[in-house]
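Could you have a look at this structure, given as structure tokens, before my questions?
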Amino acid sequence: MGKSSDIKLITDGKRIDGRKPNELRPVKIKAGVLERADGSAYVEVGGTHAIAAVYGPRTLHPRHLVNAQKAVLRTKYDMAPFSVDDRKRPGPDRRSIEISKVTREALEPVIFLEQYKKTGIDVFIEILQSDGGTRVAGITAASVALADAGIAMRDLVAACAAGKVDDTVVLDLCGKEDNFGQADMPIAYAPNEDKITLLQMDGDFTEEEFETALKYALDGTKRIYELQKKALKERYEKNE
Amino acid sequence: MGKSSDIKLITDGKRIDGRKPNELRPVKIKAGVLERADGSAYVEVGGTHAIAAVYGPRTLHPRHLVNAQKAVLRTKYDMAPFSVDDRKRPGPDRRSIEISKVTREALEPVIFLEQYKKTGIDVFIEILQSDGGTRVAGITAASVALADAGIAMRDLVAACAAGKVDDTVVLDLCGKEDNFGQADMPIAYAPNEDKITLLQMDGDFTEEEFETALKYALDGTKRIYELQKKALKERYEKNE
Amino acid sequence: MGKSSDIKLITDGKRIDGRKPNELRPVKIKAGVLERADGSAYVEVGGTHAIAAVYGPRTLHPRHLVNAQKAVLRTKYDMAPFSVDDRKRPGPDRRSIEISKVTREALEPVIFLEQYKKTGIDVFIEILQSDGGTRVAGITAASVALADAGIAMRDLVAACAAGKVDDTVVLDLCGKEDNFGQADMPIAYAPNEDKITLLQMDGDFTEEEFETALKYALDGTKRIYELQKKALKERYEKNE
Amino acid sequence: MNKIIPELVRNSVIGSIKEGKRLDGRAFDEYRPIEIEIGDLGKAEGSARVKIGNTRVECGVKIGEGEPYPDSPDEGILTVNAELVPMASPYFQPGPPDERAIELARVVDRGIRESKSIELKKLCITPEELVKVVYIDAYVLDYDGNYIDAAAFAAVNALQHTEIPEFGKLPVVKKPISNTFAKIGDAIVLDPSLEEESVMDARLTVTIEDNGHVCAMQKGGSGYFTADEIKNCIKTAKRKTKEIRKLVK
Amino acid sequence: MNKIIPELVRNSVIGSIKEGKRLDGRAFDEYRPIEIEIGDLGKAEGSARVKIGNTRVECGVKIGEGEPYPDSPDEGILTVNAELVPMASPYFQPGPPDERAIELARVVDRGIRESKSIELKKLCITPEELVKVVYIDAYVLDYDGNYIDAAAFAAVNALQHTEIPEFGKLPVVKKPISNTFAKIGDAIVLDPSLEEESVMDARLTVTIEDNGHVCAMQKGGSGYFTADEIKNCIKTAKRKTKEIRKLVK
Amino acid sequence: MNKIIPELVRNSVIGSIKEGKRLDGRAFDEYRPIEIEIGDLGKAEGSARVKIGNTRVECGVKIGEGEPYPDSPDEGILTVNAELVPMASPYFQPGPPDERAIELARVVDRGIRESKSIELKKLCITPEELVKVVYIDAYVLDYDGNYIDAAAFAAVNALQHTEIPEFGKLPVVKKPISNTFAKIGDAIVLDPSLEEESVMDARLTVTIEDNGHVCAMQKGGSGYFTADEIKNCIKTAKRKTKEIRKLVK
């Protein structure tokens, strides 16, 4: 957060890309975009493009990982080298290892893992283009991919971020807002279950700002949730 | 291939080391050069020195690699740090990983792997000095080492390269020709079986040049094949 | 050893920290300093601070390491990044891998490993501050930690170094003496069993200097041995 | 020999919490005893040992020099690393930091970085060329629950006492305090013990700056929180932080 | 759920090929449908998505700067990397590139490098000191056979549309086309599907330059080729390449 | 096929040693035959092959350039690496050097470094900026016991013949000789064979300089030595070293 800079991020109540504070970027969601995976989904949020694939339930290797009570969920978040301004070296770095962890913990609460004892469910997320909010786009995609794979779930998880730029609480930060803003708070939420399954935050929030940001974010996830359901409906209709 | 340069590689029909286009460098082959390995061989082609060792058939670890239908062949090609102009860092790099793969695929077609079900056969190749054509010298050595280890084979594999320098197709490129030439094409060939088991090429060949180079290379491998058989014969005679 | 320098390390028979040649730095030993480990100990030798922890006998993973005849002892020596002048990158380097090996071989001769067949005993050593003699401080701590864990032992192993500075044989080199001295010889010794279980040396010793240094070192270990026993006694009394 | 939490203990923890009590008798918003020992500046430019209950973290600060990042050419560099060393727990394995250790380092890092605790601009020697590098290494030596708060607090204490040779005191102006909560069933407890962590559904860390603002948060674990639970955690954290900040040496 | 090729399908493929037919009805020298989508130049300086049948590769080109190699002090640097990402196939594992991914990268690299596709001398900024570095990353996202041709073709397409900020178009003058054949029994088929690859004895890739010359070849697999088979593959490749090259966007 | 030492051989070795004899008929302080072949300076600036019995080590010396270490700004850099390549023994695995290979490299390094064998100051080109780097790589190609002495001796021989282009002979002024002993029961034998190593209790390496001083020692193995045993090893080493040093080519 907050490289100090002279960049003005809000002018006349409008953000640098013309949005209002509580406005999402254009969101596209498509289920079933890959042939090989058991389930898959593609998500675009503005300039951020994420694709997720699911394999499983399947036999888990190595065997010592097997859990007799439930499926083991594994997640891998990865940014393509060409998804960012300066080429990223391929392979996991500390950031992507942390994001893989919180992504798994964002999805676990809604999957009926106990229905798939002794198996593994693998979720792979690739960020093909990055313009802020890649982890939440990845979680949104992963959730649809899990449903596309026919994995039993309590609810879908929808994810988006809220934050603060130029002392204003805003929804869904783009890359520049993320770089030069004052706070960023990615959230994942299962609306039907009323469960916040991911929450991270860095920057500077008063208690009141936090509460506004949380309201914005939960509101944003609900709108994304509708698009997730629509994408799955289109997928099923196409398959019939 | 083809660092552009002013170096003249052919003068009056002679190559920089005085050879004619279709001439091999001096080749020495010796079987059974190591005590510990089950089979071994040493090959010198001009300034390129390769040693190969074979272990197996033996128990394969880890167990999940075991194939119930046949032996698993594993190959490791390695250049000693002191084998090249600028010291090479020890350990596999991308080049040696690729060469290990194509070496394995060059040897597999001639080994009766199905006679050694559930076992592993390991081939280790060390390049002690490098002056062009290390992978083919390694394959030539490995093939003799496999025979020395008593592994049942349909045929020996002999290997050498052909290429193009100063617009002339030539056999068995030395290091300088490899660096400043126009094409290089390593070939492995089992003469009795008429099987080309390795073929790589980079540079620039017309269809006609390719056909000449292929002819040269197959011809070269046949000469090397005779030296391989001679080395094995000497080895057996010595052992009697 | 022996960065050449103008530093005078002995003046009027006194060393840079005022010690006589055959004098140890102040030594503190405490057993049972960690809650979680099965056994633990803390050792201070001057500015060198080491902590050791023991887990086991416990189930050994991976299973192929299991020895049906005895316990497998594993040791890991590690320097904290902040223990040295220039921050050390975390993780094992070549030096710490070697020290882990000689530490294991210094402890094995005194443990009744055959009493704990098929299990693993793990010894972890962390150097929190380094001022010369870290490996011997680590071995001294590990030995106490093993006893604290209730592992059956023939004897305790006590360790310290002797060396040479300004042409004088000295006991227990501090960091500066180690850096600018002429020889360093770490020794581990089990006094009751009369077993030298670790011996390394680098620098320059005549045969006579070696014998003096060995005498100093064995003498030093005996003093440390008494402090080890005292620490264990205090630990047992406290536990009663 | 083996200290893995037995099923019996797990049931006791849950049963007790349901009745509004913690096994060790603490209130739900009560820390275990906190001990702080400031290092004697041996090889480290700053160091501190913090114990929260039996959880023990050694934190050392080393100062180096290096090239600044291109996007902050006039600022020093902050690097936080954490190690869950295998001596601390039978659950920790030798090897490079796993996802838990990486998350720990990054949560500690965010607290310090986002609160602007260190005046990084003062660590610039030559813009675009040379700046001071602050390495914070947190070593978890004994693990009995809640290593996050112990490591974060050790870092805050170590930074307070960091002296750079031929430079002076490290310019530290904030004391961000991390507060970690565990959700067990419907209850939320502060500073979970190892036993409590073994049964918790989810974890929430809230880091509070000197001015009472939130500067970092992190949810962990396979469970979830409601909006109200998070709001309450923030309120508790703001309140508790005042006590804890006073303990900084 | 599991899409591993069953024995039954393997037998069908072989039986069908013996009768001169491919399971999907293609001629032996026929590619599956090829789709190309040029990236909209987001973060990558150039990018393309290529689908050959259901095999999908995303290729991105990034431009950096660096020191030239000592033996080519006045030339830019070309670096090709390929990833067989685990989302693409149950056969691909997370982790650093294995021998298959490394071979893929090196075969794509040789096609571009040996055809002198990129005018590397134009990428020199200061000889011996600073040159442009061209990073080509090919991500195989969906694997249904023949990732080599898909990746090579994605790279060729991405390079055509690579724009370097404050520099202009990347100087690309050649379009090397890779053609991969599978030998199944005595038959040789172009562009093998996943099912065909699962039964093939050996693989041959022939890369043809704009002038019809061969610039790279690579045999793979545990089987072999005869001299005549290789000559025929080259002839087919020279012929097919003309069609494929027209598809470049 | 498998050359792992059978129990029967182990018992023979021990029985024989007890009777004062070695299985191969050597005296306790006798080396196996030593063969030395100096490399013909192909790519390496210096190289040697040493065989002690059937144990064979190839050692190559490469010369590079680099920045000196801050604490020795006017000295060249010495780097020793050793590889127990898997072709040498069924006990050696592919992969980065394990603890045995690292110990080997460090013991060879200490012999050369501590005897001040190479005049490192003469390898300084520009103080604090550029110095020659001496890379010594010892490759154990065939392992039949006692790779330490074979590697150390190969290094000494290779260094003697190292020529640096446009610089001249590498300034080598000492020939440190390493002598490795195995303790088997109460007996101590020099230059242990593979069979002897398989039953030894402990190992001691004593490296002796030209002037008869000890410059490095290393105990290995799970056993122990007494003070008198070590003193006797040093005496033997001092005596044997004179013979061995004469063999240096």
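When the chains are written out, they are named A, B, C, D, E and F in that same order, and each has its own residue count from 1.
To be clear about the criterion, contacts are C-beta pairs under 8 Å (C-beta built on N, C-alpha and C of every residue); 3 or more make two chains touch, one makes a residue touch a chain.
From a predicted model like this one, the values you see are computed outputs, not experimental measurements.
*Asks:* Starting at chain D, find the fewest moves between touching chains needed to arrive at chain E.
*Replies:* Minimum number of steps from chain D to chain E: 2.
*Asks:* Suppose chain centres are the mean of their C-alpha atoms. Which chain sits farthest from chain B?
*Replies:* Between chain B and the rest, the longest centre separation is with D.
*Asks:* Report the chain whose mean Cα position is at the greatest distance from that of chain A.
*Replies:* Farthest chain from chain A, going by C-alpha centroids: F.
*Asks:* Whole-Å distance, chain C centre to chain F centre, using C-alpha means?
*Replies:* 26
*Asks:* Compute the distance, rounded to whole Å, between the mean C-alpha positions of chain B and chain C.
*Replies:* Result: the chain centres lie 51 Å from each other.
*Asks:* Using CA atom averages as chain centres, what separation in Å is found between chain A and chain F?
*Replies:* 57
*Asks:* Using the touch definition from the top, which residues of chain D touch two or more other chains?
*Replies:* 97, in rising order.
*Asks:* Thinking of each chain as a vertex joined to the chains it touches, would you call that graph a line, ring, star, complete, or other?
*Replies:* ring
*Asks:* Could you list all chains around the ring, opening with chain C and heading toward chain F first?
*Replies:* Once chain C is placed first and chain F next, the ring gives C, F, B, E, A, D.
*Asks:* Which chain A residues qualify as touching chain E in the complex?
*Replies:* Residues 34-38, 40, 47, 49, 51-53, 55-58, 76, 78, 80-87, 90-91, 122, 124, 126, 128-131.
*Asks:* Contact residues on chain B for chain E in the complex?
*Replies:* It is residues 1-3, 94-95, 97-98, 100-102, 105, 108-109, 179, 185, 190, 193-207, 210-211, 214, 218 of chain B that touch chain E.
*Asks:* Along chain E, where are the residues that touch chain A in the complex?
*Replies:* For this pair, the touching residues of chain E are 1-3, 42-44, 47, 54, 56, 58, 60-62, 64, 81, 83, 85-90, 94, 96-97, 135, 137, 139, 141-144.
*Asks:* Quick one: which bits of chain F touch chain C in the complex? Just the residue numbers, please.
*Replies:* Touch residues, chain F against chain C: 71-72, 99-100, 102-103, 105-106, 110, 113-114, 202, 204, 209, 212-227, 230-231, 234-235, 238.
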